[in-house]
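Each of the next two complexes has chain A plus one more chain, namely chain B in the first and chain C in the second.
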Partner chain A sequence: MIEIRNVSKSYNKGQIKAVDDLSLQVQPGEIFGFLGPNGAGKTTTIKMIVGLLEPDRGSIVVNGYDIRKDPIKVRKSIGFVPDNPSVYERLTGIEYLNFLGDMYDVPRAVRTKRAKELLELFELTGDVGNLIQSYSHGMRQKLVLIGALLHAPDVFVLDEPMVGLDPRSAHNLKEIMSRHCQEGKTVFFSTHILDVAERLCDRIGIIRRGKLIACGTMDQLRHMANNKETLENVFLELTEQ
Partner chain B sequence: MISSPLFVKELKEAKWKIITGLLITGITGASLPFLVDYLGVFVEQMAMPEWARSILGQQLGNYPLYLWSNWYGKNLLQFSVAFAVIIAGPLIAGERARNTLEFLASRPLSRVQIILTKAAAGSVSLGVIILVSTVITLVASYAAARPVPVAWFMSGLLPQYAGALVFFNLALMLSVRSDDGLKAAVIAGGIALLLFAAEWVAPLRGRTVISMMAASRSFVTGDVHFGHLFFMLLLALGLLWAALTAFRQSDV
Partner chain C sequence: MKTWRLVVLHINLNFGLSVLRHHWKTKDKKLLGQAGITAVVLLTAATFGGMYYAFLNMTYNALSALGHGQAVLTMGVVTSSLFVVLAGLALVVSVFYFADDLEFLVSLPLWPHQVLAGKFATVLVNAYLIAAPFAIPTLVLFCIREGMGPSYWLTSALVFLFIPILPLTIASVGVLFIMSVTNIGRHKDALRVVGLSLLLMLALGFNYLFSSAAAGMENIQSILRDSEGLVRIVGRAYPPAVWATRALNPVTLSSGVLYAVLFAVVSTAGFGLMMVAAHYLFYKGLIAGKEVSPGRRLRWDELDFRFSEASPIRAIARREIRILVRTPIFMFNSVAMLVILPLISVFTMFMPGSDTLRALIQSGVARQTIMLGAAGFIAIMGMFAPSPASAISREGKLFWISKMIPVTAADQLKGKLVYSFALTALAIPILYLYSLLVFSWSALEFVAIILLGMAGSAPVIISNLLIDLFRPYLTWDDPQKAIKQNFNVVAGMLAGSAILFVLYKAFEGALEMGLGFWPAWTVAGALAVLLALLMYAYMVKVSDSLYRRIPV
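For the complex of A and B:
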């Protein structure tokens, strides 16, 4: 569960208002898609959820824990995939995964089993012994995904996770996200790929210049626009000047 | 307070720095007992100012003086300071530059844990280099049939390490606000160089951290100067505190 209440955040001492009085809720068992033009405030919102940025105003509660009062517990219940897959180049893939497993106290046996499944799913088994500096962008992205799932988090937060993934991996990721929410867990992700959002999400939020301008199921969003054919039409219409 | 997974990862990443550091300091230390013979030839044949000839002459006649002043007063002193800033400079800044600081800061670790763990791992790496190379120097002395009292010689390590921690935490403090680990190391190294230079200014001589590290008085008396030791440890702790405070306030 994610609960964002009246959150604002600005950069450069208030000059750039990145998120402006944002409120939204994502329930357990729900996949929530976060859309918006470049610079709308998606990454800023996500960074506040995972505790990288502190909101100027408002509150965020994840899994029942307030990010200000219980930051560690919040981060422990989140699996986070950032928008750029920067990982420790001098570690091998398996060292990286073990590092994460240790940090989240995942028991060895559970960790090995999960890592094996995920590595096979993302076709990374053969590369996991190599140094990460030899990985391609997509391979790093997959490794970060696997790492984020290793502790079976209750809340899965992803910032543009499809970038750089090959079609099969993108498909597998969508499967994982669906499975995750069927298990009663929460998925929150930002994306520019509207097809994916349309097909995958239970609810969609559209943010523009830091403000949530629309939020609801596909049907509800359609009602807000004149041209209701695809999410693309709706998005273009709603985000127009 | 310390996160052991992070500690292990830090040591893994520092592996090559430790190995390189050990090679350079170890070889230098091991050659000291054998170079003393060449020093004699050098003093006889080279043209040099009278005062230099007299200092070198003294060292030649007194092997413990030669060993202490060259190891703790010169070679290890320079290496300790250099490795302190080289290890600490990139600790935070390097992660920021590689975009991995966000990775760390979004894990279930507090800022305090991150910096204390990194400081601990770095101090251990530095300590290993300083300790092992000094033991190598001592062993080489015995191998060259020039024994020196073990406890006496090893006592020089205490001020040496305490002073190295001062420069380590200075570089760490600079690292916290920077995204350039090399720059943090160079600035901290520059401050150390100024202190080296201050040894030439009469009123400052013997009063800088650098001279406290060399501990020439301990050489004479055989006692550790606990006042100096305490002063350096306090300074190191103060700098660590400053680094911690800055890190809690800074953006990742």
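For the complex of A and C:
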């Protein structure tokens, strides 16, 4: 569960208001898609949810824990995939996964089993002994994904996760996301791929210039626009001007 | 023209001019911070320059009485050139081969030497900063003491501009060569660290050989009889220094212009040579420079044995060590430098004529002083080998991982401490070697040295870590910037020196109060532990709130 209440965040001492009085809730068992034009404030919001940035105002509760009061418990509940998969180039894939396993206290047997499954699924088994430096962009992305899932987080947060993944991997990721929410867990992700959002998400939020301008199920969003055919039409109409 | 554009771009990036302009426009408070940092750096440089000036002044007094005053010019030029070569090596490697923008630059329609010229500009402006604390006091001192006029000012400005060029081109050509021939095989990074260390040894050894051999060869009388004798002896390792001296010396000032021109022409020719070398060698070392030869592909069932469990603190310490060892520029900067320098000084002990020196250091008071020095060496190693003042800065863009993991900042810092002490302990085998070869310490003395040294390193390391914690520099684009061109490293050196000075004063005070050598030794150790504990408690207390404030 994610609960964002009246959160604001500005950069450069208030000159750029990246997120402006944003409130939204994502329930357990829900996949929430976060849409919006470039620079709308998606990444900023996500960074605040996972604790990489401190909100100027407002509160965020993840899995029942307040990010300010219980930061360690929040972090234990979250698996995060950032928009740019930068990881330790000078470690091997397996060393990276082991490092994360140690950080999240995942017992050896459990981490071996999960990592093996995910590595097989994403066809990374053969490369995992090599330095991450030798990985392609997509391979890094997949490794970060596996790392984020290693501790079976209750809340899965992804920032534009489909970018750079091949079709099979993107398909697998979508499978994982929906399996995740069937288990009663929460998924929150931003994307520019409206098809994915439309087919995958239980609810969708659209953010523009830091403000949530629309939020709801696909049907609810359709009601807000004149041209109701596709999410693309809705999105274009709502984010105009 | 394109080359010039690149040069301007790199100078802009190096000094963050666009960033400054942005802060200026937005009236950001960061501007004040920047100004403060610049002031501290300038002050530090000025302090070093002042110390060097005082030293030169004494030397000048002694030499001018013999009529050899101009030899300080030669000394100044040789010293600044040597420092440019030494500090330049690591700088050149990092800027030429490990900058983030290289892949982008390579993709532009430019020749290798054009790209290199841009990179060289970055290195050169830094080289001026390295040379300045040595060259400027020299030039100013000579001007004041000899009462030189305007023509000297002009020539000396010209000489200063050319001083770092030749040493830097020498370092660059060496690096271009090493990097292009080591761009092979699986252990490329290790090869490179070894190659660069050899280059460094060569530079030092070359200088040492010439200066010591020169002193032995001719007798003092004949050197002093010749009015330029000393100049030529000092400048033997580096003839351009002699030209620079002649260009500036009032006696030879008439022909001085010629020597100034010679100095400039040879420097420019060196630069040209480097450009030619760059044209052929630069991309050879660079392309596929990031390529890593993969190991065997793993099979599914092999994975079982690849997972292991460790406590978070140990896992973090291990990560730090792995990254250090596998990043050539970090490795070269922190470990290799500190293994090479002591080794070279061991060699010097065995040069002919050093018997008396050895006898001296094995006796009485000198022996005690040297034991103290050895403990100090361990503590200083703690300041450099693990580079605790850049422990957080080095994470750079990857700091997001440290903020994500559910491990308290205090525990993460403990991991970094474990790593720092582990690297500091590298000083122990080096000292053991020393003991075997030169000092012949007893087992008890050796243990005492290690205990005091490690105790002394603790407050140094923790203070440095604290400094980095307050204001980590995470936005670097080449690793050298994190570890060397990082203000925290300068501040950490100042703090570390201050702490060691206090410890030394405590030792001295204890001796003066009538305590014996070993009790005074214990006092210094106890004070070090106390300081360390206080700072540690403070660090643990503030770590979480500081970590949270660091933006990513």
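Operating definition for what follows: the second predicted complex is superposed on the first by the 241 of 241 C-alpha atoms of A that agree within 3 Å, B and C clash if a C-alpha of one lies under 4 Å from a C-alpha of the other, contacts with A are read in each partner's own complex, and residues count from 1 in each chain.
Definition applied: a contact is a pair of C-beta atoms (placed from the backbone, for glycine too) under 8 Å apart; a residue touches a chain by one contact, two chains touch by 3 or more.
All figures in this text were calculated on a predicted structure; none of them were measured in a lab.
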Checklist entry - So if we stack both complexes on chain A, do chain B and chain C clash, or do they fit? => result clash
Next on the checklist: Under the stated touch criterion, which partner chain does A:103 make contact with: chain B (first), chain C (second), both, or neither?
Outcome noted: both
Next on the checklist: One more residue to check, A:116. First (chain B), second (chain C), both or neither?
Outcome noted: second
Checklist entry - When both complexes are superposed, which of chain B and chain C contacts more residues belonging to chain A? => result C
Checklist entry - Of the two partner chains, chain B (first) and chain C (second), which one does A:82 touch, if any: first, second, both, or neither? => result both
Checklist entry - Which holds for A:193: it touches chain B only (first), chain C only (second), both, or neither? => result neither
Next on the checklist: Contacts for A:163 in the overlay, against chain B (first) and chain C (second): which applies, first, second, both or neither?
Outcome noted: neither
Checklist entry - When the two structures are overlaid on chain A, which partner does A:152 contact: first (chain B), second (chain C), both, or neither? => result neither
Next on the checklist: If I apply the document's touch criterion, which positions on chain A are contacted by chain B in one structure and by chain C in the other?
Outcome noted: 47, 50-53, 71-73, 75-76, 78, 80, 82, 86-88, 90-91, 95, 99-100, 102-104
Checklist entry - Which part of chain A faces chain B closely enough to touch in the complex? => result 47, 50-53, 71-73, 75-76, 78, 80, 82, 84, 86-91, 95, 99-100, 102-104
Item to check | Residue ranges of chain A in contact with chain C within the complex | outcome: 12-13, 15, 47, 50-54, 71-73, 75-76, 78, 80, 82, 86-88, 90-91, 94-95, 97-105, 107-108, 111-112, 115-116, 119-120, 125-131, 133-134
Checklist entry - How about chain B: which of its residues touch chain A in the complex? => result 3-6, 8-9, 12-13, 98-100, 102-103, 105-110, 251-252
Checklist entry - Which positions of chain C touch chain A when the two form their complex? => result 26, 28-29, 290-292, 294-300, 303-304, 306-312, 314-315, 318-319, 322-323, 326-327, 397-398, 400-401, 403-408, 544, 548-549, 551-552
